[in-house]
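Each of the next two complexes has chain A plus one other chain: chain B in the first, chain C in the second.
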Partner chain A sequence: MSTTAERVRGILNQHAKLSADARKLEETADLYAVGLSSFSTVQLMLALEEHFDVELPDRMLNRRSFESIASISNVIDAVIGDRVAG
Partner chain B sequence: MSQETGLRPCEIARSISIEVAAKFADEVDKSGRFPAEAIGAIKENRLLSLLIPVELGGAGASFEVVADICSILSQACASTAMIFAMHQIKVSSLVSHGQQSVWHRQFMSRIAAEQLLLASATTEAGIGGDLRNSICAINIFGDRLELEKMATVISYGKYADAILVTARRNAEAASSDQVMVALTKEQYRLEAIGDWDTLGMRGTCSEGFKLVSNAPVQQVFPKPFAEIAAQSMLASSHLLWASVWYGIAADAVTRAQTFVRAEARKRPGSPPPGALRLAEAISMLQMVKSNIVAGLDRFAVAQKSEDELMSMGFAVAMNNLKVNVSQTVVQIVNHSLLICGIAGYKNNTPFSLGRHLRDAHSAALMISNDRILGNTSNLLLVHKHESGLLS
Partner chain C sequence: MTTSQAAFLKQLLEHGILIDMGVDGLYGRSGVFEDVVERFSILVAGFGRDDKAEVIRFPPGMSRGQFESSGYMKSFPQLAGTVHSFSGNDHQHADLIANIEAGKDWTDGQKATDVVLTPAACYPLYPVIAKRGILPQQGGLFDLHSYCFRHEPSIDPARMQMFRMREYVRIGTPEQVLDFRQSWLERGEQLMRSLGVPVVLDVANDPFFGRAGKLLSNNQRDQKLKFELLIPITSEENPTACLSFNYHQDHFGTKWGLCTCADTVAHTACVGFGMERVALALFKHHGLDVTTWPRPVRKLLWGD
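The block that comes next holds the complex of A and B.
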């Protein structure tokens, strides 16, 4: 099974309209520097919610949560972790 | 100087508003000229450095004081107030994002010492009002940068002492990968590419220019522009603009109330026809005021937490404030006009409201409300609104 980060890379390529291939980016690369806009961030969030079947809580909806593949994966893992624990 | 006279900045602003700005407001509007007298008085009284920390020579005043002054100046001359507001928005970006950079700290000291007026060049031909994208790019040669921008609007550009300009980080950068650079007057050349003969806000002289500049690289802000926009510029713009618009509406209501009271005194016992509409106008004005005060409180709280400042909830709240206030002030001025009747419709009467109405109509267009609503509607696809009254 692919890791969260790998799945995030696939979703980024489909929905984030980046100027670079997400599969070739460093996990900590700044996504805003490769063209992630506030509009595409929302599209990305919707795609993540649908793909992972989660609901992102408002406190995680800020710029920092979506700045890199690593930070997005952390957010997703945290939400899934909460669901399992809860 | 506030320290010398012992007067509070708001009191100083009130006297500038009454004694200087009000005197020239109609002339500034009519000829579409820069309000040199009022801005001169603002400089003389050192109000351009209100937000700059005391250790850099400023007054270290709060953002709320600046918002209050915007509304005070606007009750006399909205163009003067908008120039003051726009200057303070740039200063607030410097204070929030320039403290770690030696050059930007020295620049703040210079602003305080010389009372420099800051303008900005964020719009660009081919991009329109979308300030989060740029076509122009910074080219770096050693320790110098070169920049050329077709800026469709630089408010009071001709009269500014420095301009904050947005551009792509370098020639290869994506259009949203922007930086902001502070350029001082001797470092740029402006060639006029558009005039400013408008319905209202005529004194802001927001002409278009081709800006050509060469400056040291260290004048680029250390933080990416996306963060500057999200953390300080967006909120400070909406809040200070709203304070200016509030001032326009407040003065219109003052005129309307004076009119109604004069009518009432002439015919004691029979309430004047405009009285009811005045009650409506005042209730709308109170709503605008509450909205701005709540927004200022929320901004003050958010400034203590970067996460809150960058959150969707905060962006939605500031967007709502801008759209609400800009729509309501036009209604309030319109109500005031209905109350004052022909005396309000005519120029050069104590009840004239033509300038107020024309100035108020700019509010919905300064970053188009449609663009802002589009942005909010996008955010609401994921952000859940807060249904609690006090939370």
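The block that comes next holds the complex of A and C.
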């Protein structure tokens, strides 16, 4: 089964309109530097929620959560972790 | 807070400064109120005179097509006002009249026209400037003033549904646009302090719709894209935004294909004055009788 980060890369390529291929980016690369806009972040958020069947809490809806593949993966893992723990 | 809003509104209506029109947020304005708005507008123009902005006045409606392209519905669908008109036949007209007389919903047959109420004074500007072609080296600076509509009925007299927004809009390189915003952050505060009202400058966000809006709001705050000059009108704890200073980055530039002479996407920024809000702040702090306003304030506005 693919890791969260690998799945995030696929979703980025489909929804984020980046100027680079997300599969070739470093996990910590700045996504805003490769063209992630505010409105693309909204599309990305909705796609991530649908794909992982989660709802990101308001406190995670900020610029830092979406700044890199690593930060997005951490957010998703944390939300899934909370759900399992809960 | 709603008690103090209702009390201030009652006071304004009783003194005939605003005139009830039967809908929250929709008021007639007295001559006294209009005089304050006009004098303030002249004062603003004085502060901006040396910049030699191009004056353009748009009506309070804009093209529906351009409105759709602007992306406004992505962010603020709850605030938009669209103009609809009857376009049916004789039979449907008879139904319409019967429904009105019976107190039933008669709006089924209303069809969207090509006009949408202007949501912010700068919205009609961008496509007009894009059509002119590449910007000159010094970029563009525009002086706008328009009635705007936002669907947010409220008893707060400082939250009208139809109100005037005076704006300066800068279009150019990021440096040109940020310099403009910085200069107006300073001027705006100086201008309002000179009118003897207490002001606070704060980072702000637009009222984006829904959960996605939460993300956009947080992004806007994180990047300090919007500042507001707040003045207490009906509440000390929640002062009212009377001026706003907005940096749109390349949002409108990309949307409308605005290009600098160096063939880069133009950035935009604007300073907006909520004319009714400023007038209400002055009435609140200096009293409902303008002849008794402090001498320095009267001198600035009326030259007394």
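As a convention for this text, the second predicted complex is superposed on the first by the 86 of 86 C-alpha atoms of A that agree within 3 Å, B and C clash if a C-alpha of one lies under 4 Å from a C-alpha of the other, contacts with A are read in each partner's own complex, and residues count from 1 in each chain.
The rule is short, and it goes like this: contacts are C-beta pairs under 8 Å (C-beta built on N, C-alpha and C of every residue); 3 or more make two chains touch, one makes a residue touch a chain.
Quick caveat, the model's predicted, so the values are computed rather than measured.
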{"item": "Which of chain B and chain C A:19 touches, first, second, both or neither", "value": "first"}
{"item": "Touching partner for A:46 - first (chain B), second (chain C), both, neither", "value": "both"}
{"item": "Contacts of A:63 with chain B and chain C, given as first, second, both or neither", "value": "both"}
{"item": "First, second, both or neither for A:38, with chain B first and chain C second", "value": "both"}
{"item": "Chain A residues touched by each partner, larger count belonging to chain B or chain C", "value": "B"}
{"item": "Overlapping contact positions on chain A, where the chain C interface meets the chain B interface", "value": "38-39, 42, 45-46, 58, 61-64"}
{"item": "Of all residues in chain B, those that touch chain A in their complex", "value": "132, 169, 173-177, 224, 226-227, 230, 306-307, 310-313, 375, 378-379, 381-384"}
{"item": "Residues of chain A that touch chain B when the two form their complex", "value": "19, 32-39, 42, 45-46, 49, 56, 58-59, 61-64"}
{"item": "For the chain C and chain A complex, residues of the former touching the latter", "value": "71, 74, 211-212, 214-216, 218-220, 222-223, 251"}
{"item": "Contacting residues of chain A [partner chain C, same complex]", "value": "38-39, 41-42, 45-46, 58, 61-64"}
